[in-house]
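Below you'll find the structures, each written out as C-alpha cells.
Look at the two complexes coming up: subunit A is in both, with subunit B in one and subunit C in the other.
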Partner chain A sequence: MNSPGTSFGWVEVVLTILKILLIVGFCLNFSAIAVWADRRQSAMIQHRVGPNRAVVNVPSFIIQGILTAPGILLGALAALGLGQALTPQAAIERMGVSLQLIVFVAWFNLVLLSWRVSRKGALNAFEAAVGSNLPRAYFYAGLAGHVVVALVSVAVARQVSAGQIASDKAYLAARVASVVLGGLMGASGVYAAMRIPKGPVGIRLAGTLHGIADALKMMFKEDFIPKNADRLLHALGPMIALFPALVVMAVVPFGEQLCFQDVNKNGSFEFAELLRVKGAMARDAVCEGHSVPLQIVDMNVGILYIFAISSTGVIGAAIAGWASDNKFSLLGGLRAASQMVSYEVAMGLSLMGVLLIYSSLRFTPMVSWQNMYAWGIFVQPIAFFMFLAASMAENKRVPFDQPEGESEIVAGYFVEYSGFKFGMFMAGEYVEIFTGAAIMVTLFFGGYTMPFLFADGIDVTIGETTFFAYKMNHLAVTVIQALAFFGKSVFLSWVIIFFRWTLPRFRYDQVMRFGWTKLLPLAIGNLAVTAVAVVAIDAAGPGLHSTLKLLGQLSHALVAGAMLVLPVGLVWLFLRPVESTRFLRSSSARFAAAAGGVKPTPMQA
Partner chain B sequence: MEPLDQDLEEGELEMPADPMMLNMGPSHPAMHGTVRIVVELSGETITKADVQIGYLHRGFEKMCERGNWNQCYPCVDRLNYVSPMLNNVGFSLAVEKMLGVTVPERTQYYRVALGELARICDHLTCNGAMAMELGAFTPFLWYVRAREMIWDIFEEETGARVTHSFGRVGGMAKPPTAYFKDVVRATIPRVLAVLTESEGLLLKNRIFLDRLENVGKVSKEVALDLGWTGPTLRSTGVPYDVRRAHPYLVYDRFEFDIPVGTTGDNFDRFMCRQEEIRQSARILEQCLDQMPDDGPINIDDPRVVLPPKEEVYSTIEGTIQHFKIVMEGIKVPAGEVYSYTEGGNGELGFYLVSDGSGTPHRVRIRPPCFAITQALERMIVGAMIPDIVPTFGSLNMIGGECDH
Partner chain C sequence: MSTDTENTPWMKPRSGDFTTKKVERPTRDFEVQSYLPAVTKGLVQTMGAFFKNTKEMILGQKKDPVIESLSWGITTISYPEEKRPYTDRFRGLHRLTIRDDGSPRCVACLCCSTACPAQCIHIEAGEYSEGDPRRGYERYPAKFVIDELRCIFCGFCVEACPCDAIRMDTGLHAVPYDSREQFIYGKDLLMGMTGRDGSRLTENPRHEPGDPDHPGIDRERAH
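Take a look at the complex of A and B:
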C-alpha cells in the first residue's frame, strides 16, 4: 500500500501490470511444464521413454553462439567488474561469492561433461579422464569444495576485519578470484561450443518442448462443436474453467515488499526512483520511501476471496457438461458440480483452525507469523492434509477425477471439446495445481520466507544463543524471498502431480461419503481443538510462551537442515546411476544386440 | 408445486422425469471394443442393463469347416487372443482324441509349459487391465512389461509373439529350442517379482480395495447354474479345475494348489488370478525338471504327421505322404468327440464331428466367456456406473471366443 499522502501515480499502474504479467506468464508457462512433468513422472515410474519426441532443429552456429556468447560476456563482466571503489569488507565478500561461483561452475560443467561422455563417448584424453568418474562423484566433490570455500572466506573476513591482512591484499584476492571465474566461464562456453557437431542440432530440452508442441497442435486443430450443442455456453465453459484458476493468484504474495527511496522527498513515486532500491532495512522497520508490495492486490478479505473465486470454477465444468449435448458430458458435469461444491465446505472448514492461529485473513500477516514462530505444517499438520485432499478434489485430480473418469464416462464434461477449448480445460487444470500449491505454500510452508532469513539478513538464533548472523541488503533478501516462493510452489506441484501415478480413483459415492462423513467432521473437530488450544495458550504464563517460541525455532532449524540435506539425498537416493537391466530373450533382440544395438527398445525389461 | 412430505411416483410430478438411457459401447474405453451395454439409469444407479455381445463375430466355426484339420490352427489362435497357446493345445488334444493317438511324453511336457506360460499372460493382462480401468495406470504397465518377457519366450519358440499357430495334430510345429528351459527359468522369477511389486502398490491401497470388495458378487449356486468355470467359478468357492478334476496331458504328475475365493466378488476374482499365476509358476518349475531333453516331438504315424523335409525331397514315399496330408488333409475317422481343457478363463471345450474326409464336418467351441458374460447383467443391476468397470474387467470377457 502506498504511504499516506501519496497521490495516484503511473508508476504504480506500470508496476501492477508488470506483476500481473509475471504471475499470469508464470502460471501459463508452468501449466505447460507441469504437463511435461506429468509425462516425465509416468515415464520414470513405469520404466518407459518419456516425452522426448518434440524437437527443434537449430543450425550449429546458432548453438555455438548461444554457448559461447553468455560464457564470454559473463566472464568479462566478472573479470572487469572490479573497476568501482570497494570497501575491504565488500572486496572480501566479492571474493567469497566469486570463489563459490568458481566451484559451482567447475563441478556443474564436469557433471555435464561426464554424463555426456558416458552416453556419447569421449573425444580426447581429457574427456576420457573426466568420464572415468561418475557424475555424482563431481557433485560430491563440488559440495565439499563449497564448504571449504565458505570456511576459508569466513576466516579471511575475520582476519581482514581484525587488521591482520592488509586491505590491498584483499583487493588483489578479489580481483584474482574474479578473473579466474571469468576465465572459467569463458573457457567452458568455448569448449562446449567446440564440441557441437556440424549441421543442424536437434534441441529437445529434456522433453519440455513437448508442452509447447502440444499447445501448438491444439491451436491448429479443428474446433468441433456438436450439432445440438448450445454454442454460446459451449464456448463459455472452458473460459470460465480457466479464468478463476488464474485470478486466484492475485492475492497470493510472492515476496514481502520492495522499498524504494523517496529521493525528491515530495511523496510522489516517479520513474527515476525505480532505480533507487533501499540499501538495507532494519528487522521491523517500516518502509519510509515508496513501498511496493510483491502481491498484485492486498485485500483485507484475503483467503475469503480465494474461496469465492475458486468455487466459481465449478460453473465452467457444469456448463461444459450441460452444453455439450452428450449424456457422458452431462454425467461428468453433474459429478463435477456436486463434488466441487461438497469439498468446498470441507476445504473452508479445514483452514479455520489455521486462521484462528494466524488471526488474520490477509496473507502477508500469515506469512510473517510463520516466519516469527513456526511454519503452518508444524502448527496444524492435520489441517494441511485435509486441505491437500480437498484441493485435490477441487482440482479434479486423481484419485478424485470422477468428473473425467475415462474408463467410466469416457472423458466426462469435456468429451465433446477439441482444439484449444480442450486445451483451456487442460491448462486450467494444471494452472490450478500451481495455484493450489502456491496457496498451500503460503498457508503451511512459510510462503515467501525462508527459515532464519529476516528483512535485515540471516540470523540463526535458537533460544537466546545466536549461532550465526549475517547482514544482507534489501534487494538480495527480496530476490531470495521471491525465488523461495516460486521454488517451494514448484516443488509442491511436483509432489501433487506424483499422486496421479500411484493411486486408482474412487467411486463417485465413495468420494462424496469421504467428503461429508470423514473430512467434514475431522475439520470441525480440528477447529474445536484448535480453538480450545489457542485460548489455553493465550491464558498461559510466559513460561509456556517461551517454550513454544523455542520449539518454533527448532522447527525452523529442522526445515533449514532438511533443505541442506535434501539435494544430497536426492542425488544419493533417487538419481542413482541406472543399471542396465536389459534382459535379452528373443532372438531378434539378440540379433539387434549383436549388430551393436540398433535402437533402444521403448519397453526395456 | 407438489407437497414435499408425500411420497409420489415419479410420473406424478409436475415435471415428469424419464429414466436416462445410456449406451455404453461398443466404442467405449471399458468395453474392450467388443460389447455394448445399454443401461437405464436412475442418477448413477443402474436400474436395467442389456448386455449385447456379437461385435467380434467372425464366423470362425464355419471357417474351420472349409479347410483341413491343420488349417484350423490360425482360426483357433484368434479365439482367446490373450492366451492363444492354450487354444492350440486344446484343439490338438481334441483332434488327437478323435484319432485315438497320444503324443510323445516330451511334447506333453512342452505343451504344458507353453500352456502355463500362456495362462500367466492371460491373467496378467486381465488383472492389469482391471487395475488400469480403475485409474491405476502404473501396475498395468508393470504387468504388461512382465507379459512382454513371456511373449519374448514365445517369439523365440514359435516365431510369433501373439498368434503362434504352433500346435499340430500329433505334435508341435517345432521341437523346443536348445535353451528353452534356461530362458523360462530365468524369466519366471522376474515375472513373479513384478507381481509382488504391483501387489504392494494395489493391495495396501484402500481406494483399490473399496472399489473391488463386495462389488459384483456372485454366489456359488448362481455361478454353477450359469455354467461358470475357471478362475471366476473358483472365486465363488468351487474348487473345480479341469487340470485337477479331469487331468489331461501330464497334469496329474504335478503338485499345485487350486486357489478358491469365499465371496465371489471382484476382489476374489482378482486374487484368484494373482494366485493362479504363482501356481502356474510352480507347475512350470516341476514341468521343466521332468521334461526330457531329447526324444521325438511328433507321433510316429505317417498318416498324421508331415515327414521331414529331406525325406520329402529324396524319397518317393515321403513325397506322396506330404502330398496326401497337404492336399487331402488328415483322415480323421468318422465320429464325434467333445474334448475340454482348462483355458485362460475356464473350461475351453471343442466339439468336433468328422465324416472321415480330410475336412472337419463340424467344429463347435464351448467358450468359457460365453457362460461368464451371461451373468454380467445381473451383476451390474443395482450397482453404479463406475462398478461396471471392475466387474466387467474381472470377468475377462474376450470377444474372440465369446462371439462364436
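Take a look at the complex of A and C:
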C-alpha cells in the first residue's frame, strides 16, 4: 500500500500484478510438483521404484549445450568483474567468495565424476585416478577445504585492514581467484559435455515429468457430468474449492520490503526508479524512498482475513457433494462440511495465544517480533501442534480425510468429477498444503527471517557478546529473506505430505470428538495460560526481560546450528557406504546368482 | 459327562485341566493418549525408509531384485530395462530347427499337432519330388503354422517330435503385437528363429538317407 504522501502510480499497479503472478504461478506449479513428491514419498517408504516412466528424448547436442553454457557464462561473469574498481575490503571479500566457490566447484565435480566412473568405468587415466577414491573422500576433503579457506580469508582480511598487506596485493589475489574460478567452471562444463554419448539422451528428471503428463491427461479427458446433476453447481464446486486456497496467500508476506531510492525527489514512483534499489539499510530504519512491501496486500486485519476466506472452502466441497446427484458424494460433502466447520473454531482459538504475544493481527509485525525475540514454535509449541492438527483437518488431509475415505464412500464429494474439474480439486488440495505451511511458517517459524539476519546484515549477538558481524546490502538481504520464506514453506509442506504416508485415517466419530472435546478445551486453556503469562511478564522487572531475551537468542542459535548441521548430516547420510548381506534363500535366487543377477537390457519399443 | 466322549477318534484328547490365560488390555497411558510420541516414531520410521531408499535409487546401490529379493529395500524389477534371467529350460517361442542344407528337419509326421492340447499347430505335408532320395522315405512340411495366441507353452510338441525339429529354446516370450494376424507364425519365420546359443541347428546328429551311418532302412538298402 502507498504511504499517505505518495500519489497513485502505475508502477504500484504493475508491481502488484507481478506479485500476484509470482504467488499464483508458484502455488499452481507447486501443486503439480507436490503431487509428484507425494507419489515419490509413497514409493520410497513402501520400497517401490515410483514414478519414473515418463521420458523425453533430447538430442545430445542440447544436453551438451545445457552443460556447457552455464559453466562458460558463469566463468565469463567471474572474469568480467576484473575491470571494476574495488576498495581493498571489497577485493578481499571477492577473493574469499571466489575461493569458497572454487572449493565447492572442485569437490562437487570430483564427487560427481568419481561416482560416474564407479558406475560407467573410466575413459582415461585422469578419470581412473579420480575414480580410485570414493566420492565421500572428496566431500570430506571439500568440507575441510571450506573451513581452511574461511580461516585464511578472515586472517588475510585482518592483515589488510591492519595495513600489513598492501592493497594492490589484495586486488591481485581477488583477480587471480576470479580467473581460476571462471576457468574451473568453464572447464568442468566442457568436460561434462564431452562425456555425453552421441544420440538422443532420455531425460526423466526423477519422474517430475509425470506431473506434466498428468496435467495434459486431465485437460484432454472427458468432462463427465451425471445426468441428473445440477450443471451450474457441479461446475461451480471445484472453482469455489480452488479459489480460497489461492486467495489466502494475498496477505502472507514473502519478504519484508524492497526499498527503492527516490531519485527525482518528487515523491512519485516512476519506472526508471525500479533499477535504483537502495544500497544499504540501517537496522530498523524506515524506508525513505519508495517502499514496496513483499506481500500482495498488507491488510490490518491480516489473520482474520485468512480465517474468513479459508472458511469459504467448505462451500466448494458441500456444493460439489450436493450437485453430483450421488449418495456417496452427498455423504462426503456432509462429512467435509461438518468437519471443516468444527475445526474452524479450534483453529481460530489455537492462534489466540500467539496473537496475544505478538499483539498484532498483521503478519509483518509478527515476523519482526519473532526475529527480535524467538520463533513462535519456541514461544507457543502447544499452539503450533494444535494449529497443525486443525489446519490438516481443514485441508481434509490424512489422518483427517474421512470426506474422501475410499474404503467407505469411494472418493467422497468428488466421485462424479473427472477431467480438469477433478484436477482443480486436486490442485486446490495441494495449494492448500502450501498456503497452510506458509501461514505456519509465518506464525511459528519466523516467516521470511533467518536467525541473526537483520536488515543490515548478519549479526550473531548472544547476550552482550558479538560473535560474528557482517554487513550486507539491502538487495542481498531481501533475496535471502524471500528464498528463506519459500524454502521453509516448501520444507514444511514436504513434512505435511509425509504425514499421509505415516498416519492411518481416524474414524469419523474420533475426528469430531477430537475437535470438540480435546482441541477446543486445550485451545481455550492455552489462551488462558498465555494471557496470564503475558500480563505477568509485562509486569515483571527488567531482569526477567533480559533473561527471556537471552533465551530467545539461544533459540536462534539453536536454529542456526541446526540449519548448518542438517545439510552436512544429510550429505553424510547420502555418502555413507551401503552394507548388504546376500542370502540366497530360494532356488530361483541361486539360479539368478549363477546367471549374474538381473540383466540390464536396452529399452525396447 | 461320561468319559466315553474323550476316546472318540475325531476329538483331540484332553490333556490335564484347563488353564486360563489372562490377556492384558492395552494400556492407555499418557504416551498413547497424547498421540504425538507415536506419530514421531512413525515419522522417524517412514523418513528413514524414504532417505535410505532415495539414496540407494540415486546412487545406483539398489539391491539385485532377484538375488536379494527378500532383503530390505526396493526389489522391483524395472521391466523392460531389467529382466529376470530365464532358466535353461524356459519354454519360449517355438523355432523349427534346420538341417545342414537349410531345409527343415521336420518330416511332417503330425506328431506335434496331434499332441498339442491347444490345437495351435497346423501342418500341411508335401511329398518330395520324383528322384529325391528322401521321396517315399519322409515328407516335408509344405505349410507349418503355429498360432502363438492359442499356444499354452506346455512343451508337448517338443516332447512329441521324433526328429528334434521343433524346439522352444529361443528364450523369447510372446511379443506384444497390435493385430491377431501377426501372432500366426509361418514356416519361414519359425525357421528363421535361433536358439539361445544363436544357432538355427541342433546338436543332435541327423542321418540323411544314403549316409553310411544311417541306422534305418532306406530305398537303396531296402528290404
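Assume the second predicted complex is superposed on the first by the 544 of 605 C-alpha atoms of A that agree within 3 Å, B and C clash if a C-alpha of one lies under 4 Å from a C-alpha of the other, contacts with A are read in each partner's own complex, and residues count from 1 in each chain.
Rule of thumb we're sticking to: a residue touches a chain if its C-beta (ideal position, glycine included) is under 8 Å from a C-beta of that chain, and two chains touch if they have at least 3 such contacts.
Predicted model, so just to flag it, every value in this text is computed and none were measured.
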{"item": "Contacts of A:Leu573 with subunit B and subunit C, given as first, second, both or neither", "value": "second"}
{"item": "Partner chain in contact with A:Trp115 - subunit B first, subunit C second, else both or neither", "value": "second"}
{"item": "Which of subunit B and subunit C A:Gln41 touches, first, second, both or neither", "value": "second"}
{"item": "Touching partner for A:Val49 - first (subunit B), second (subunit C), both, neither", "value": "second"}
{"item": "Touched partner set for A:Val398, first subunit B, second subunit C, both or neither", "value": "first"}
{"item": "Contacts of A:Asn133 with subunit B and subunit C, given as first, second, both or neither", "value": "neither"}
{"item": "Which superposed partner A:Phe498 touches (first subunit B, second subunit C, both, neither)", "value": "second"}
{"item": "Partner chain(s) touched by A:Ser555 [first = subunit B, second = subunit C, both, neither]", "value": "neither"}
{"item": "Subunit B and subunit C contact sites that coincide on subunit A, given as residue numbers", "value": "45, 47-48, 501-503, 583, 585-586, 588-589, 603"}
{"item": "Complex interface listing, subunit A residues touching subunit C", "value": "41, 44-45, 47-49, 52, 115, 119, 385, 498-499, 501-503, 570, 573-574, 578, 580-586, 588-589, 591-593, 595-601, 603-604"}
{"item": "Subunit A partner contacts - residues on subunit C that touch it in the complex", "value": "36, 39, 42-43, 45-47, 49-51, 53-61, 63-78, 80-85, 87"}
{"item": "Parts of subunit A lying in touch with subunit B, wherever the complex brings them together", "value": "42, 45-48, 327-328, 331, 398-399, 401-402, 405-410, 501-510, 583, 585-589, 603, 605"}
{"item": "Subunit B to subunit A touching residues, read off their complex", "value": "20, 22, 28-30, 44, 131-138, 141-142, 144-145, 148-149, 152-153, 155-156, 183, 186-187, 190, 201-202, 205, 207-208, 210-211, 384-389"}
